[in-house]
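Contents: one structure, followed by commentary.
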Amino acid sequence: MLTFVIRRVLYSLLVLLVASFLLFWFTRQTFDPTSRLRASRDKTVVQRERERLGLNDNIVVQYGNWLKDAVKGDLGTSSRTNEEVTSMMRRAMGNTLQLIIWGALISAALAIGIGVFSAIRQYSIPDYLFTGLSYIGISMPPFWFGLLAIEVFGVQLGWFKFVGLHSGDGSSYDVDYLKHLVLPVATLCVQIVASWSRFERASMLDVMSADYVRTARAKGVPRRTVIFKHALRNALIPLVTVMALDTAALFGGLIITERIFSISGMGRMFFDALLTGDVYVVEAWMIVVALFIIMFNLFADVIYGILDPRIRLS
Amino acid sequence: MPDLRTIDLEPAAGDPGGEWRGPILEVRDLTVHFPSDDGLVKAVDGITFDVLPNETLGIVGESGSGKSVTSMAILGLLPKTALITGSVKFRGRELLGLRENELQPLRGQSIAMVFQDALAALNPVFTVGAQIAEAIKVHHEVNSKDLRERGVELLNIVGIPNPSERFDNYPHEFSGGMRQRAMIAMSIANEPDVLIADEPTTALDVTIQAQVLEVLERIQDRTSSSILLITHDLGVVAGTADRVMVMYAGREAEVGTVEDIFYNPRHPYTRGLLASLPRVDGRRGDRLHRIVGQPPSLIVLPTGCAFHPRCNDARVPGPCNDQRPELHLVEDAHSSACHYAEDLPALSTTDLAADAEETASDD
Amino acid sequence: MRTEDEVSGLPAAPLGVPSIPDGLPPAPELGGAPEPEPRSQWQLFRRRFFRHRAAVIGGGVLLFLYLVCFGAKFIAPYDKNHLNLLLGPTSPSKEHWMGTDELGRDQLTEILYAGQISLKIGMAVALMSTAIGATLGAVAGYFGRWVDQVLMRMTDLFLVVPGIAILAIALKRFGQTDTIIILVLAALGWTYVARVVRGQVLSIKEKEFVEAARAAGASSTRIITRHILPNCIGPIVVNTTLGIAAAIVTESTLSFLGFGLQKPATSWGNMLADSEGYYSHNTHLLYFPGLMILITVLCVNFLGDGLRDAFDPQSHH
């Protein structure tokens, strides 16, 4: 098991390096860190800035320097706000993590609950209802869901808040906080709950018709135990893989959610950076997010190994 | 082989208990039909047989003959869509129509089952030991230490080396034969009266097959249980069974002792099966005999006798394609469902070979 | 004995029928006895497909949408971009079935024309990414070894960064016209199809009829095109269909964020972005474009699932 994890970690680092290099290259080609200065009257300013930032070096060298700094914790300076990217990111991460953690937990719980329930009560009315809802959930663009939610639940009904995570200057974690949390988390999760619950239902149905479930029944194991012990354990395994693969989508979804709900998190940061061509923020964002995604995937691999002894022991 | 038992098991719940002197299992006119898009699949179409205490009854037939469905019907493991009629009595108690919570105490305790592919039939995420222990735990209150001891003992009984280590292994860590033995161990954990073995050797090499069959025999010696041995392989049945029931297209073809079936088969299908066994003393260049044609669709069965389209001895037009033959006694404890069972000449092995040549020359 | 149109969400398993004709009828299996008379593959497929009412309806509505949108010139009640500044935004009425926006433009007209773009992008991206993905996946699966490794590593790269992010940057770099959007979305979308087709090819490659063909001297190209790919048709068609859904949602999301289609081109996503300040009093501006996306994608999903079940009914007991 340990060698398995180590190999995965090393491989992931390699992927991280290659991906971040390619993205770095791509970003530098797309954006010019000195674009602000181009309007200046002093024509040499641009040249000097380029020298200072090392933009005339070979791209590999640029990447190397950037990486060296990044590892030391220096992710550059935002060309938009002139703030240190690292501190910007720390602040943004705080907000974003709240969304992600709540989102992931609630999504997983709902998806497993709905999926298992639908599989056990296959073809019942609630099953059809859930299936219909999942279809809609998967087919609806998340940003539109967010806008609708704001309009209906925020503006018309006034049940929830939809600007930021706290009212005014508050930072307490109380009911007001929850009122701010509901809609953004729902927007972030609607698509993944829909798709994960369908997947879990299918996985559960597959497992329930497996031979070993038949054996358990033939042994006299009570139906409830057959479902929740024998079937569910096996049905969760493929779901873990799917969940890991979807973390990238989750980060993408943040961009939309934070923009719509005016939350100052990683998504908002990226959005603003892209609009203004804030190169250093974009680059930093890419590598930090990639790092997170890789960590989530490794975590999922470990869980997968825990759940499935066939992987663990090979 | 240690003969000690570490735990005393209570008699099975729901078991009428007491003395029961009749056949352990009585099946009368069992039919199992499955509705499907193309029509009604008559997987089992009216079979009647008994299983006596301490005997091994072999049920022989090809894929689709209904043998597995029969065994699942006994334990109530068929899907809810199945339409089951007839009667299945265990120790005089009717099983068909029992609710799930009434069947549960019987499963794995009075009647147990061993399945074909042990790798698929064992849960891959639990240790073999845990699964054996579970078989006991669902029926008896036993502490984990005793459960483990009993489990290790069971592994030992079926001949698995290093049983206490193996107890903590997962199914995929066992070899095929060992796995099958482990499944057998699990099924006898509660010393059932009837052990249904559904193709227990089909997925195994021939040498391992013999070992597993030997394990089954040994167990039967110890526990005096009855074994329902389901297989498509006549060779398996020849060495292990006391009586044999041959099934075809969901119906019974012939029932009798092993000797009766092998030396005096009274149904053309049985004879065809026997003739198609490769012979050690056959001549070089002999072609393998086969029964011409294909098994029939279980939705649209042939009229009259289900086998008649493929039967060399069929008299058509006549009762063979007109009336369904009923199982009737041909001689003592030997029945056949063929209209002309009595008229079939007594066979010797050379006759079967001649049959083979005849069919070969028909090609 | 499946009688319900339930979905698996999992990639479809192989067709399981070799393309070299097999003369003998299959032996009956338990509960799955052969039909009393044999039917061709196509008939079976058609029968299974038309049993899924949702898929048939979805396909029909989709067709209707495509026809109506691309026929906008003939169907739309007003000219495209016909302004009526004095009118301003109004709710749906007899003259304007879907109301008007802040510039007085008839929304039904706008939606139809915007639909052209959205639907066009959806289909083009799906076709392109499937073509690329299927080819690469088949090659990787068939030739294996280092070709396969290279492909797998490449697809791994795409997994670590959110797609939207890469797409947004790419569009900033290359431009935000509909053609470029199509190319960029396809360049990102092929990885999923490639993985699925590769898996398919790997399992088919091991089957005996491929060995037989190889033993008979067939070239690799011939084996791939005549034996392997036909058995992949199922997943390929299904993925193309479902790819339309993904492409439409992605494009509308990007356009809404401002990273996608630039004015004056309109797509449904753009329409939602334009009217963002006006929603509260003109909810029709929020509902209709989004509803169009929802309906389109819903129909695509129904259709795709129906196709998947029609190609491979064994994906569930």
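Chains here go by letter, A, B and C, matching the order in which they are written, and residues are numbered from 1 within each.
Just so it is clear, a contact is a pair of C-beta atoms (placed from the backbone, for glycine too) under 8 Å apart; a residue touches a chain by one contact, two chains touch by 3 or more.
Worth saying up front: this structure is predicted, and the values here are computed from it rather than measured.
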item	value
Chain A to chain B, fewest steps along touching chains	1
Dominant interface by contact count, named by its two chains	A-C
CA centroid of chain A to CA centroid of chain B, Å	54
Distance from chain C to chain A - Cα centre to Cα centre, in angstrom	24
Separation of mean Cα positions, chain C and chain B [Å, integer]	50
Set of chain B residues in contact with two or more other chains	none
Chain B-facing residues of chain A, complex	210-212, 214-223, 225, 230, 233-234, 237, 307-310, 313
Contacting residues of chain C [partner chain A, same complex]	4, 6-10, 153, 156-157, 159-166, 168-170, 172-173, 245, 249, 252-253, 256-259, 269, 272, 276, 279-280, 283, 286-287, 290, 293-294, 297-298, 300-302, 316-317
For the chain B and chain A complex, residues of the former touching the latter	75, 77, 100-101, 104-109, 112-113, 115, 117, 120-126, 134-135, 138-139, 170, 172-173, 183, 186-187
Residue ranges of chain A in contact with chain C within the complex	15-16, 18-19, 22-23, 26-27, 29-31, 122-123, 131, 135-136, 138-144, 147-148, 151, 155, 195, 198-199, 202, 205-206, 209, 245, 248-249, 251-252, 255-256, 259, 270-271, 274-275, 277, 282, 285-286, 289-290, 293-294, 297
